[in-house]
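Shared between the two complexes below is chain A, which pairs with chain B and chain C, respectively.
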Partner chain A sequence: MTNKILDVLAGIRPEFDFSASSDYIADGMLDSIDVITLVSDLDKEFSICIEGVDILPENFRNLDAIRELLRKYGADK
Partner chain B sequence: MNLVFGQRRIEGLLAVLPSNERRFIDEMEQFDFPIERSIKLKEMMGYDKHRIVDGPVCVSDLAVRGFEHLFTSGTLQKDDIDALVLVTQSPDYFMPPTSSVIQGRLGLKHDMFCMDINQGCAGFLIGLIQAFMLLDQPAIRKVALVNADVLSRKASSRDRNSYPLIGDAASITIVGRSQDATPIHANLKMDGTRRDALIIPAGGFREPSGPATCIREADAEGNLRARDDLVMNGSAVFNFVQVEVPPMIAALLETAQVDKDAVDAFVFHQPNRFMLQKLADKMKVPYEKMPSNIVEHFGNSSGVTIPLALAFNLRDRILGGTLTAVLGGFGVGLTWSSMLLRLGPLDFCEMIEYP
Partner chain C sequence: MILPVTDADQLAVAVGRVARSGTGYATNLFAPPTETARWIAARALSLLQEERALLVLRRDAGFHRLYHVASDAPALSAALGSLCAAMPEAMLVTDLVGKRESLGAVVDAHLLHAFLPHARLQRMYRLVEPSADDGRIDPDVVQAGPGDVHRVRALMQRQLDPYSEQIPDLDQLRDAVAKGSVLVVSRGPELAGVLVHDTVGFTSTLRYWHVDERFRNQGVGARLIKTFFGLCRDSKRILLWVIAGNDDAIARYRHYGFRDDALVDDIMLRQPRLVQ
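Let's turn to the complex of A and B:
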């Protein structure tokens, strides 16, 4: 799952190393529009439908947060 | 707040769009972002074309164009208008009310009621609610509800968060009484503690415009805007809509005792395609029952998007027949409102261009 997430992130902002940051938002690696793009790409990559109420910056702050969100939607099964 | 209205009917509606059409692909270079990211944004949000006024065109100009069309075509008689309710966030002046400007320019009768309401993306619902209440008075038989905004004039052309989706437009909705009409259910909520989510910080009496308020500065995401410009906290607005709208619609249908599957169309305010499709997913409503194509064709014109969505997507169905519709508006204030009603057959449903 981790590699897939990193691939998705790299597809959105290829100029950054997402494995080296613990806060993509604070570090300026993802802005609000990027988060929307990330949701759309994760939906497709993991065949899930992340609900709008979960589209909050804190759910996409780092790899741990994204993994936890994806588990909520059964993406690890 | 739950509301119910009896013997009320939307008789017809007209949308007025500026003929000046701009394309997102031609504007991408004015934003400080790589072209590839802008293209991604276009695909996801549905940004493509938007209609904005060309030059110093005001709300009353769009409204007068619409009324003159209705008068000259014989669709509406001047003296039949007993009240004119204008909903706008971009009035011609602080004073007088722009509804009075429209009344004067059209030469409407003196024996009538004119009022302005400062509302935005929920403005079609707020305006309908006001129109329905005015019709409680026996002297008022027909209300002309005007929704109009020219907010492109208050959006920074260097702001990727707002400018590509802004649209200018006006709509005229004629509301009257009908003995046969089924009850119209509505609900409404407001939360002024979240008022900063959509705001033009300067230009009012709190922070008058001056040399400093027109200087554009970069925000954390690289958008350039001044305090005289529209500011939209996209994340806050997105979350607000996703949290508040689905339970509002569920509560409306429960109050009205109407099954979701019996609704023919969910016609909501049109912020962008992604937001609407996420709402449809959450509410388990098929995309074909919830139009989301107004931003890509015309831009987001605040309170005009619902009547525009009706005219653009459902014209034939509401001219020739009747459908059960849920309307939903949400935005500045913050304000959110929905309405369940039977729509049609309308006397007219048109889209025209300005000038």
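Let's turn to the complex of A and C:
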């Protein structure tokens, strides 16, 4: 799952190394427009539909947060 | 029913109520929490909630800016119909932000309710090379002080389109000055040029870069942007938005190493006079 997430992130912002940051928002690697793109790309990659109530910066802040969100939607099954 | 927004939780709950449906989910409510908190404190926000869409109105100078969160384009269109029926005399301005190829359905929903295209902005970016900008100080370029705020805003008001370029208010400019994010060049008592920037982590954004007509072709703009590049030495990329048809500006940005991003911002206006 981790590699897939990193691939999705690299597809949105190829100039950054997402494995080296613990806070993509504070580090300026993802802005709110990128987060919406990320939600859409994660939906497609993992065949899920992340609800609007979960589209919060804290759920996309780093790899751990994204993994936890995806587990909630059963993406690790 | 259109309700005033009185606190951030009310807005968050309203956004969370909008269910997503596959890939149709659409939003342009991208403002950071600090910005929405400022708007709420100024009592500038109101909202219209429907089952599958939320519209947020922000009062601006003589018009409302419109933001949406919608399950899909039909839900957005239905909500726009309700809004236009409730506020037939309101002048509405909206920014539709996304990849070029993904905006069609959202633009169509607005066209259906008499919104007309006003301008398109495109995003450009520049990767920062560690050794490219040496950070030399140009004595002609200084950080603006509190006393510059009014003349900076006056220059922006003379040169910018209020619908597509969101002129900062005095409080926003005071905050930017306090953060050291406003560079100016003066010629005698006159403000010759201004550059406003912003940095979050590794990303810097060039917000405004303007030279007074009387001082163009004198190197003022070049001095401002080279100083700005020097300040961005610790960033990894620089972003900006430019009007898509402004070939001179785009050529200038390309000259400084900026390239096209995939994102565009279609600005659409609904003017009651034209609707009638």
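One rule holds in what follows: the second predicted complex is superposed on the first by the 77 of 77 C-alpha atoms of A that agree within 3 Å, B and C clash if a C-alpha of one lies under 4 Å from a C-alpha of the other, contacts with A are read in each partner's own complex, and residues count from 1 in each chain.
Note that in this section a contact is a pair of C-beta atoms (placed from the backbone, for glycine too) under 8 Å apart; a residue touches a chain by one contact, two chains touch by 3 or more.
Note that the structure is a prediction, hence the values are computed from the model and not measured.
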Could you tell me if A:52 is touching chain B, chain C, both of them or neither one (first, second, both, neither)? both
Now for A:44: first (chain B), second (chain C), both, or neither, which partner does it touch? second
Looking at the overlay, what does A:26 touch: chain B (first), chain C (second), both, or neither? second
For the three-chain arrangement built by superposition, which of chain B and chain C touches the greater number of chain A residues? C
In the superposed arrangement, does A:36 touch chain B (first), chain C (second), both or neither? both
Once the complexes are superposed, what residues of chain A are shared between the chain B interface and the chain C interface? 28, 31-33, 36-37, 40, 49, 51-53, 55
In the complex, chain A residues that touch chain C: 15-16, 23, 25-29, 31-33, 36-37, 39-40, 43-44, 49-53, 55
Tell me, which parts of chain A touch chain B in their complex? 12, 28, 31-37, 40, 49, 51-53, 55-57
Would you tell me which residues of chain B are touching chain A in their complex? 37, 40-41, 44-45, 160-161, 220-222, 234-235, 238-239, 241-243, 274-275, 278-279, 281-282
Under the touch definition given earlier, write down the residues of chain C that touch chain A in their complex. 15-23, 25, 27, 30-32, 69, 97-99, 127, 199-204, 235-237, 263
